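As written, the chain order gives the labels A, B and C, with residue 1 at the start of each chain.
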Amino acid sequence: MQSELSKRIALEISGMPVIDPHTHLQHKTPSAQFIGNIFSYHYIRMELSTIGMDVENLMSENIHPDIRMKNALPYIPKISNTTTWWGFMTICKALGFEDDMIHDGNFQDLCDIAKETMQSEGWYKKALHNVNIKRSFLTNLPDEDLSGCDRESFVPSLRTDEWVLDIQEKATREKLELLTNSSITNIFDLKCAIRKVADRFVSIKSASMAISLPPNFLVFPVADGDADILYSKVLIGKRLTDDELARLQSYMIYSLFEICNDLNLPFQIMLGVDRKIHRRLEWDGFSTDLNMVKTFRDALNRFPKVKFVFSILNSILNHELAIYSKTFANCYFAGHWWYTFYPALIKTAILERLQAVPYPKLVGWYSDSYYVE
Amino acid sequence: MQSELSKRIALEISGMPVIDPHTHLQHKTPSAQFIGNIFSYHYIRMELSTIGMDVENLMSENIHPDIRMKNALPYIPKISNTTTWWGFMTICKALGFEDDMIHDGNFQDLCDIAKETMQSEGWYKKALHNVNIKRSFLTNLPDEDLSGCDRESFVPSLRTDEWVLDIQEKATREKLELLTNSSITNIFDLKCAIRKVADRFVSIKSASMAISLPPNFLVFPVADGDADILYSKVLIGKRLTDDELARLQSYMIYSLFEICNDLNLPFQIMLGVDRKIHRRLEWDGFSTDLNMVKTFRDALNRFPKVKFVFSILNSILNHELAIYSKTFANCYFAGHWWYTFYPALIKTAILERLQAVPYPKLVGWYSDSYYVE
Amino acid sequence: MQSELSKRIALEISGMPVIDPHTHLQHKTPSAQFIGNIFSYHYIRMELSTIGMDVENLMSENIHPDIRMKNALPYIPKISNTTTWWGFMTICKALGFEDDMIHDGNFQDLCDIAKETMQSEGWYKKALHNVNIKRSFLTNLPDEDLSGCDRESFVPSLRTDEWVLDIQEKATREKLELLTNSSITNIFDLKCAIRKVADRFVSIKSASMAISLPPNFLVFPVADGDADILYSKVLIGKRLTDDELARLQSYMIYSLFEICNDLNLPFQIMLGVDRKIHRRLEWDGFSTDLNMVKTFRDALNRFPKVKFVFSILNSILNHELAIYSKTFANCYFAGHWWYTFYPALIKTAILERLQAVPYPKLVGWYSDSYYVE
C-alpha cells in the first residue's frame, strides 16, 4: 500500500537515466553467462557458509557454476530472509524466471531460462538499458588492457590501491617499471612513473581515480625528504616500521591528490574495509575508526580543486560525512557501499543526507556489480 | 491501526513456543510473591531516583515491598512516559489489575490482586505458559545449589565472570578449591579446577557458559608461560599492573573457549557493561569501545566449533555485529540487552539484522528477568 | 495524511507555552530588520558555498544584506532540498510572503514585505508570541552590557568558554582584571575574579552558566597545587604542553562546577564542536570521541546538586547520553543542536529519549537563533 506521494516519487525516479559510478564489470565479458555465476557471488556464498554449508568443497571453482547452485539448494530456505536473497530473486525474475522459490523441481528451468537470456545477442546492453543505466564506470588496474572497450557503455576508472597500500612491495615497483618502460631508483622516479600511467588513463578518457582504504588509515602531509629516505629503505629491501609505513603511504596518497589536481580528476575514496577478517575463507569485513572521516580535513582544505567522492562501509559516520559534504565544496558523498546496502540502512542514510546536504553534492547510488545482471 | 501484514506477522509469532535463553530467575523462588517486589526492580528504582525520589530511604530493603511502592505513588506520574513503566503496567494487567493508572485509591486493590495471583498454586508455570515460554535458561554461579531444580521449566547456564574478571582475587581461588576439593598452586591447577566445575555443569545438562564483559575488554592469545608467571605473582599476593591483568584475564577467557570447544558448549557473551558508574547507588551503565566486537576476530577464527552468542549493550555496534554474524559461521547475535530494550532501538536493530543475517544466526529475544512475572 | 493521534499530539503541543533555553539573540537588536540578514545566516551561506557560489565576494559583509541575497538567486534551486531551506521558506511565510519559490520576479516583494513586518512597532515581541515563546535565554559574554535588557522576554546566561578553553591567553586574564577591578597574580586571584563575575550575573537573575566543548575535552579532578604551578607558568608567559593545558583547563571547569554548586546555577554544556575545520571560511564542524559523555562521570557523582544540562553535536552518543540522564538525577538532556537539527535525526533522538528517560529530565528544544525571526 503506497501513498500517492511515494508513487509520484517512484515514477519520477523510474524515468531518470542512471550513471553507475562504481562497478567491477569486465568490459570483455560483462555478462555472467550462467545463473550459477551470479549465485556464486560472494554475498550469497557468505550467507550459505554462515548457516553451515561447506562452501569450500560444494561451491569450488572447479565445479560448473550451475552445479554449485544445485549443491546449495537444501540451504536456500535458511537464507531466504535476507536482502541478498531478495536481490538474487529479483535478478532471476528479470531474466525471465517466474516462480517465487527455487527448488529441485524448477532448478533446471531457471538455469535454462537464464542461460538463454544471458547468452542472447546484444544482451548486456539490453540488461543495462532495462534498468536505465546509460553508462557504467569500470574499476581498472594500472596494467589492465582496455583496448576494444565499448566506450559508449563503459568508462574506465584507475584503481590505485597498490600504489598506496602496497607501496612497500617489490611487485608494485616492478609492475610500474614494466608498464612505463622506466627504471625506478628513488621516490621521484616512482611518482613520475605513476604520473605517466595516470596520463595514459586520462588520454583514454578515464573519469576518475579510485582507492579503498582501511578504517585506521591516516592522511597527513609528509615531507619529500622524509619520503625519499623511507623509499630508499624500501628499495634496498629493509622492512619499514608501522609508523614509517604509515608515513610513506600517506605521502603516496598526497601524491595522488596532486595528480588529481593537475589532471582535473575526481578521486573516489571508499573508506573502512578490513581485508580478510575470516582467515580461512578470506572474507573482508569492516570496522569503524572515528578518525576515518576527519583525517581528510587537511587534504580537503589543501586541494580545493580536487573532488573527493567518499563512500563509507559503516553506518555510524554517515552523519559526520554528510556534514563534511555540506561544509566542503570539494567533498561529495556517494551511494551505499556493500555492508550498508540494506533497505533499513539506506533509508536512514538517504534521509540524513537529503535533509542536510544540497543534492548536487550527493551521488545517489552505485552498484559495485561484477556482472551486468 | 495495523496493516493486514502486521496482523499476520503478530498471529504467526503469537503461536510460536519460546525459549528464554537468559534470565536471572531463582529456580527455588521463581515468582515475585508481591507486586512491590516487581516494582522494586532496579529499572523502576533508577527512574524514580532520577526524578528526585530518595530511593535509599523510601525504598529500602528493610521496608515491606508493597510499602516501598506506596511511598513511590506521588512520583509515578513523572515516569509514566517510559518503556519501563509501560512494561510494569502490562505486568499489572496480566496479574488481573484493570485500571490504567495506579494511585492512592486503587493501590491496595493492586497489591491484593497481585498477591492472590502470584501466591496461587502452580502460578509460575502458568505465568510462563501464558507468554508461551516453554523453557528458561538460568544464570548460575559456579557454587550454586541446583538440587531440586524443575528441569522441565529451567536450564542451568554457568556464569563465569569471576574466573576472568576477578581472577586476581583470593576469594575466586578459595571458592574453586572448596568446590573441587583441590589445592591450587599454579595456573594449571586452576584450569583443572575450572574444568571440573564445567564437567559437573555438563553432567547436569547445562546448556551454556555465560559471561558479561566491560567495553574495553581485549581478547588476544597469551602464552601459557606468560600466564604461569602472572598467576604466580597473584598467588604470592603481588599486585598485577593493568597490562599484566589484561593478559591474565585474556588467558583465562581463552581457557574457557577451549573448555567450550571440548565440551561442545555455546558461550553467551554480553558486551559493554560499565559497573557502578553511579557511585552511591551503585548502578551500572554502558559505554562503547570500537574494538569491543573486533577484538573477538582471532577467537572466532581459532575456535570454529565454539558457538559465540553475543549480546551488546550499545546500539552503535549493532550493524558491525550483524555483519560478524553473517561472516562467521560460529558467531550468533542475540536479543536486545537491558539499555537497548526500548521499542525504537529494537525496531532499528531487528531491521538491520533481519535484512543482513540469515535467520538461523539470530537469537530473537531474551528476558533478563528476575521473576517469572 | 496525519493520523488522529498525531493531530491530537500536535494540538496539545501547539497550546504549550515555550521557554527557549539557548539563543544568541542580541537583547538590543533582537530582530533581523532585513530578510537578507536572515538569509546571510551561516547555515545558508555554507550550503550556497558547497554548491559552488563564491560566498566570500558575493555575500561579503560590505554588501547590503538584501543585495547579498539577490546575488544568490541563481544558486537557490540547488539547495532547495535541504531542511535549512525549508526553514528559511517557513520564516518568509511567517513574515507575510506567499509564494513557494523565490526568484528574480518576486525577490523585491519579499524584501519589502519582510522589511515592513520586521521594522514595525513591537514586532519582536509579536514574533516570539506567534510561536508561543514566553521567554528566551541569551548567551552573554562576561563583559557584556545587559543594561536596558527586556527582562520579561529575555534571561541572561553566562557563557564561560574563555575561562576554560582560553585560560592560557593573556587577554582572558586582562579582561577579568578590568571587569573586576582587581589584579590577578595567581590562580586563586583568578578564581576570585571569576566568582565575582558569576555573583554579578546571579544578582541580575541570570539563569545558568553555559559552555561549548570540543569532542576530545577531558574532565578530571586536578589538585590545587598542580593548577597553581601551571598557572604560574602561564603568568610568566611560558607555553604549556598539551598535557599541562588539559590539566589546567580541567581544573578550571571543576572550578566552575563549584561555583554552580555554591550559587545553585545549572550548567549548560554543549559537547562536540570542532572549531574552524574549513580553514578559509572558518566554518565549524563536529566529530565524535567516545569518551565525551563518560568523561563527566566523576563530576556527575561529585556534584549531585549541580544540574548538568547536556546537548550534543553528534547523533552517535544520543543513546548513551539518554541513559546517563536516566541514571544520574543531576544529568539532563537538552534539545537538538545545530548539525543534529534535521527531522530524521530529531525523530530518532526523541524516540530514544522519550522511551528511556522520565520526561522531567528532558529539555525538549532550543533554537540557537541569532534573530527572533
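Worth a mention:
Criterion: a contact is a pair of C-beta atoms (placed from the backbone, for glycine too) under 8 Å apart; a residue touches a chain by one contact, two chains touch by 3 or more.
Owing to the predicted nature of the structure, the values given are computational and were not obtained by experimental measurement.
Fitting chain A to chain B on CA positions gives a rotation angle of 120°, reported to the nearest 5. Residues touching across the chain A-chain C interface largely differ between the two copies, under half of the numbers being common to both. One inter-chain figure worth recording: chain A and chain C are separated by 40 Å, centre to centre, where each centre is the mean of the chain's CA atoms.
Under the contact definition stated at the top, the residues of chain A that touch 2 or more other chains are 290, 316.
Partner chain A is touched in their complex by these residues of chain B: 3, 290, 293-294, 297, 301, 316, 319-320, 323-329, 331, 348, 351-352, 354-361. Taken together, the chain A residues at the contact with chain B in this complex read 1, 46-47, 49-52, 78-79, 81-83, 274, 277-280, 283, 285-290, 314-316, 339-340, 342-345.
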